[in-house]
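After this come two complexes, each holding subunit A, first together with subunit B and then together with subunit C.
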Partner chain A sequence: MAIVTATGSGPARPTVRRRRAWVAVLLRAASLPRGRFGLGVVGFIVAIAVLGPFLAPHSATASIVSPFALPSRGALLGGDELGRDVLSRVLGGGWVLLAMAAAATALGVVIGSASGVAAAYLRGRWDTVIMRTVDVVLAFPQLVFALLLVSILGPTVWLTVLAVGFSHAPQVARVMRSAALDVSERDFVKAVELLGVRRRKIMAKEILPNLISPLMVETGLRMTYSIVIIAGLSFLGFGQAPPAPNWGTMINENRIGLVLNPWGVIVPAALIALLTIGVNTWTDAVARVAIGIDREAETATLLELPAVGGER
Partner chain B sequence: MSVRRSGARAPHPIIKLLVQRVALGVVTLCVVSVVIFAATQALPGNAAVAILGHSATPAALHALERQLHLNRSVFAQYGSWISGVVSGHSGTSLVNGMPVWSIVGPAAANSAVLVGLSGVIGTVVGVTLGAVVALRKDSLLDHVSSVVALAVTALPEFVVAIAMIILFATVVWDVLPAVSMVPPGTQAWAEPRELILPVATLAIVIVPYIFRMTRAATVEALASDYAEMARLKGLPTWRVLAVHALPNAIAPVVQVIGLSFLYLAGGIVVVEFVFAFPGIGSSLVSAVSNRDVPTIQLLVLVLAGFYVFVNIVTDVVALLVTPRRRLPR
Partner chain C sequence: MSAPSAGQPGARQPSAGPPEDAARDVLVDVDGLRVRLAGSTVDVVDDVSFQVCSGELMGLVGESGSGKTTVALALLGHARRGLEVAAGTVLVGGTDMVTATKQQLRRLRGAEVAYVPQDPASALNPALRIGTQLIEVLRAHPEAVAAKGLGDPRARVAQTLEEAGLGGVPGLLKAYPHQLSGGQQQRVALAMAFALRPSVIVLDEPTTGLDVTTQRLVLDTVRSLCQAYGVAAVFVSHDLAVVGGLVNRLTVMYAGKVVERGPTGLVFGAPAHPYTRKLLRAVPSPERSEVLEGIDGQPPPPARRPRGCEFAPRCPLVMPACSEGPVPVVHLPGEHLVRCLRTELTVRPEENRAPGPSAQPGAAHDALLRVWGLSARYGPTEVLSNVELSVGRNECVAVVGESGSGKTTLARCLVGLHGSWSGEVRFGGEVMARTAYRRARRDLQAMQFIFQNPYTSLNPRTTIGGIVEMPLLHFFPSLGRSEREERVSQVLQDVALGPDFWSRYPDQLSGGERQRVAIARALVVSPDLLVCDEITSSLDVSVQATIVELLRRLQAERQLSLLFVTHNLALVRSIAQSVVVLSKGRVVESGPVARIFEQPEDPYTVSLMEDVPKLPRGEPDARFLAT
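Now for the complex of A and B:
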């Protein structure tokens, strides 16, 4: 599945310069047209989600018009299934989704890179145990795995974040392990080993800083999937408890009234779509700069990156 | 001759791979079944309380505990569950008391139709588009399609499904059914009109992956010396593409088609729910919201089995289309 090319190749550089290189990659990605587009779109949606609750004209949970009322002066996007103001619910329903997606991504990337780097560097029994666990988790579709965990843990916000974050970890671990295998064999790692530095410190201070490029790309991909899965779970009815506004839940609540007032569905669906497109476009720009995907030689990279390989 | 004889003594690489993969797949499924069981039933705390809620009467709890065999040891519970799955008697649904297999079986058949149709259509469309665009590299078509593919790749499948409903089943044109009204007992393929939107949604979701990979691999193959040679010999473009470039570009494309089928197994959950299509995905959603543990266990196991199966098929096909990896070493 993951045919792996040398992701972290290139000469080993001291940590300090790496850190600056990491900023340089982001700046160069932001100067690409697609990077600028991605950042702009993400910025726009984040602004709506964060500022929205303060700008909402009405309460997100109060009924002010008749159910599925068409847009009017009082309710610019009309009413939802219970006559609540669609605009206010849209403005109030983004930040929880964003915060959950960010938290799940962070969790998945941290667990995944820790176990991936450990598997690559420690080898032997650790490698076997970690990678076999990864294989088992990867025998489910990611949404099904998250759904299974949610069915056990219950659909509360924090447990959903845990479930989604944990379901990311195996894929991150796989990518990070293959990148770390190469770095672990380099001379500077052997050198600090001879100095007697502890293994945990070698992994954190010597190996991880050399994996910033794949880590950045992987974080972007996981963010896209987090949004897709968390919005999907709320769409399926396993999100926040009902009166709370949430873009995923809104689409499901209001789709019975699609013929009466389509805006209750179209606006949240469009915002989720823009958000995922924005994050994915930005990640693509970062990948092009960081890993150096050339459009002519993207075959190997396409297979390696699950985003474009379609493995969720 | 000597090559052939040595090939006859060692097992053929494809057979060897098949045996290895099937063995590994069976082991994976066994571990997966333990994980599913442990996660759903043997959790710390009482599964009966988790299912019925804390307000349940002791009598109801006792009845459910007997039904789930919770009064026996964990290993005995697992043993009776897994032998039931294998022999086709894996308990009854907690919601309607029907045997779980009688719910999962027809649902699996319907989902198989959905996944099969959308996988095949998505593959044909993706490969064709990819090959055509590869011939027109750096044209306007190439740039536009690459941007569109990048955007569609990121779309959640429920957004695509909702867009399809808005376009074809309600607001814009009202020409297709928005929900599948497949009566219980009939099979999905008896109602082709109900299949159009779910199949189209799933195909749209996988086309970009297959398209991008086909384009990239074909561009690479077309830039090679043998393709150049074929062109210089004066072969028509379609021949260079179909006879020389595509067969060499097909291995990574097969991998991505395999991944797309895996992806469809997750995609059906949301898409079947949107269109109320009676398959594995919508059954899973309702089983999870009803905490119908026996049904959840079997559905997830069936999906995991499909995953293992697709992985094996992908590996074997990828080997079949790469002759240089097929030689016994």
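Now for the complex of A and C:
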């Protein structure tokens, strides 16, 4: 990793290199077999979800065959409960799910890590208030909590995203707080405090960059949960309004016709499963690299070898 | 080519040991040991040979990365993860530890060859009582207990604690490790090592984390135990001053090779390898103020060692032949070996170091920092009471004391890191608020703090340029980019780091380089006062000398005032103009350096002075051999 190229001429712009730590982790993860597999699977599903709407042979809401018709020339995966083309609904029903999962994950990770880092760094009253709130929220199972919010606020897309995002936040906060506790105690944080730098800036510029590894792992993990929960909510009827295609909703709609045309259930279910497996495998690769990078530095100091051979 | 008159072979006779004769058993015999990174041809340690007889103490000395710990662990038949023994034999009491089976190793470790780790706090199990841990050692080796007639384990535990100087401590067996002081913990580790009366003992920098007084106690214990039971001891250290007063023989390692080996008197009195000579010149002396000489550069890592002499790139006496091929070992009179081509130059005795600047008493009337009646507490315990001191402009004041004396707390109170204190601190005439957040920007900028440990004081995710630039951005936001960059590269140059350090990250730097970055970060905003908290304690002696010289130069160039907190009294002599001696949170004595060192008045200062390990320099006479 990070081999120093001697910059003989003038000082290099430090801003260019600041990204390297996490880019290096991602690149290294992508080179592992499991990382490649995960990325490939995720790429495949994302391609279906993003390109699908443009490739669909029919409208996702038009009835073109009889309900639960078996696959035929006109409808390659058969028809659904209202005689709509299953293939077209599969192709058109992915991007919303993906976008919702990504938005919910981003929301959960941002809120969770902000409150986790704040609790760890500010300590005292902040810590108590934030972490007790987290405890209360964590007392509910995540799906039940999301259901509760959605059933109170109504099943619109944005409310679902908010509900799932908020339900992630306490779990992310827990993980990030414990990681940040260790970093906050280190001397480089104290060194900046001695300059009188504002606390918010210390958290953002000094502490957060040292939490990249847990942050990336946590993001991947929460993405998996988001997919499952949002698909689950759609299955339970708390997703998009009915005529819109959605993988989760499709499983619910078509399960009564399972024996007539199984593809209406199998294909969306398989895609959700593949997506989850892909994200999970990729996260696993990132986690391994993230830990591995930390370990490598550790062994180098253990061995008393200043800057172990550059080729490793 | 002849050795200087002083230091005949007889000189290695230990003070109270058995008389010199041929009948002494060779207990450790290392021959041609080579350890490499597993699965490669990169040698970490190569061609290491030495012998240690019963009752003898051998010092194994070198900088970080010299491979001394690797050799020490090979004596126990252990190679750290990623390393393997590639060649050579390590005979301990007649058994080759390299080829020994796991069963043999289990039988030998603890019973025949014991290990005392560097950090007893992490070597003792925090969840078990001391008594339990000691009994465990004896229970693990019932056959050794029987063979050596050590009797009942409980009685033996009491006896071994007695031997380690812990006999009178009440309730020790029932105590947990955290309830003991660092020195007590280290003596428990010694007791554990000596519990089975091993014939060989390996001590891996056992006093590095201890202050001088505790260090003295531990060293005395080691010496008396080794001599009483005829143990062969290998003492690993990077500090020549510590080793000098203790061991009979010295083996100096550099970049995985033995560069010099011989009786202590000869190695100190007539060092024949340029590296040894350089190391000796880096050790500060409490007897006079001198210009310390560090060794520029750092030891090459295993994969990048040069073909010929490993020291050639840093050697002042280097000639073309040095880099051409392996350097043979030269035998000097008196069992003194050296791996150098230029022994005809190095056998000459050396000149003394240049004297340091004469200490001028601080101008108290023009004090930059004045402290009155400072008392500080950690929770309910008072760690400082009624401390007074003053630092004049362009003066360096050293604060010395044992661990637990409150010296670090004092530094932290002054800069505003520790908030619960009372008293008055005036800096440049202004009264200082307790914490940094309540102080004026100008005061924060004018007083800078340098942390003890450069491994934690730099943000690992920020480049060196970014780290040094940060205070500038904060204090001078109006500064243009080009001027900011100019200032940063100027200050990096001042601390002898080239422009290519700009874009590096802290983990690509050695400890000494990191500490320079920390100094640069403090200097970039042109402070008036630098508060340095034991800034050299985690560095090698050779690096320490470079850092101290750097600070001294910067102090003169930039008219800086320094508050230098340290437990190393010898260092104080070389850098400070006045000293404040702290003991148990109180100032017991303060005054100009020369006065305190030459006529200490307080009994505590006197004992502190006596405990400082002194390097026997250039005069291998009976004075230090009789210690």
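Please note the rule applied: the second predicted complex is superposed on the first by the 273 of 312 C-alpha atoms of A that agree within 3 Å, B and C clash if a C-alpha of one lies under 4 Å from a C-alpha of the other, contacts with A are read in each partner's own complex, and residues count from 1 in each chain.
By definition in this document, contacts are C-beta pairs under 8 Å (C-beta built on N, C-alpha and C of every residue); 3 or more make two chains touch, one makes a residue touch a chain.
Here the structure is a predicted model, which means the values were calculated and not measured.
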| item | value |
| --- | --- |
| Of subunit C and subunit B, partner touching more subunit A residues | B |
| Which superposed partner A:224 touches (first subunit B, second subunit C, both, neither) | first |
| Partner chain(s) touched by A:242 [first = subunit B, second = subunit C, both, neither] | neither |
| Contacts of A:43 with subunit B and subunit C, given as first, second, both or neither | neither |
| Subunit B versus subunit C as contact partner of A:187, first or second or both or neither | second |
| First (subunit B), second (subunit C), both or neither touched by A:206 | second |
| Partner chain in contact with A:195 - subunit B first, subunit C second, else both or neither | second |
| Which of subunit B and subunit C A:57 touches, first, second, both or neither | neither |
| Common ground on subunit A, meaning residues reached by subunit C in one complex and by subunit B in the other | 297, 299, 302-303, 306-311 |
| List of subunit A residues in touch with subunit B within their complex | 1, 3, 34, 132, 135-136, 138-144, 147-152, 224, 227-228, 231-232, 235-238, 248, 251, 255, 258-259, 262, 265-266, 269, 272-273, 276-277, 279-281, 284, 295-299, 302-303, 306-312 |
| Touching residues (chain side subunit C, partner subunit A) in the complex | 42, 44, 64-65, 67, 69, 80-83, 298-299, 301-304, 415-417, 436-437, 439, 441, 444-445, 448-449, 451-453, 455-463, 465-466, 469-471, 474-475, 485, 488-489, 499-500, 502-505, 507-508, 510, 518, 521 |
| Parts of subunit A lying in touch with subunit C, wherever the complex brings them together | 2, 4, 6-8, 10-12, 14, 17-18, 21, 186-188, 190-197, 206, 209-210, 212, 297, 299-311 |
| Residue numbers on subunit B that touch subunit A, as the complex places them | 28-29, 31-32, 35-36, 39-40, 43, 146-147, 150-151, 153-159, 162-163, 165-166, 170-171, 178, 206, 209, 212-213, 216-217, 219-220, 223, 252, 255-256, 258-260, 262-263, 265-267, 269-270, 273, 284-285, 288-289, 291, 296, 300, 303-304, 307-308, 311 |
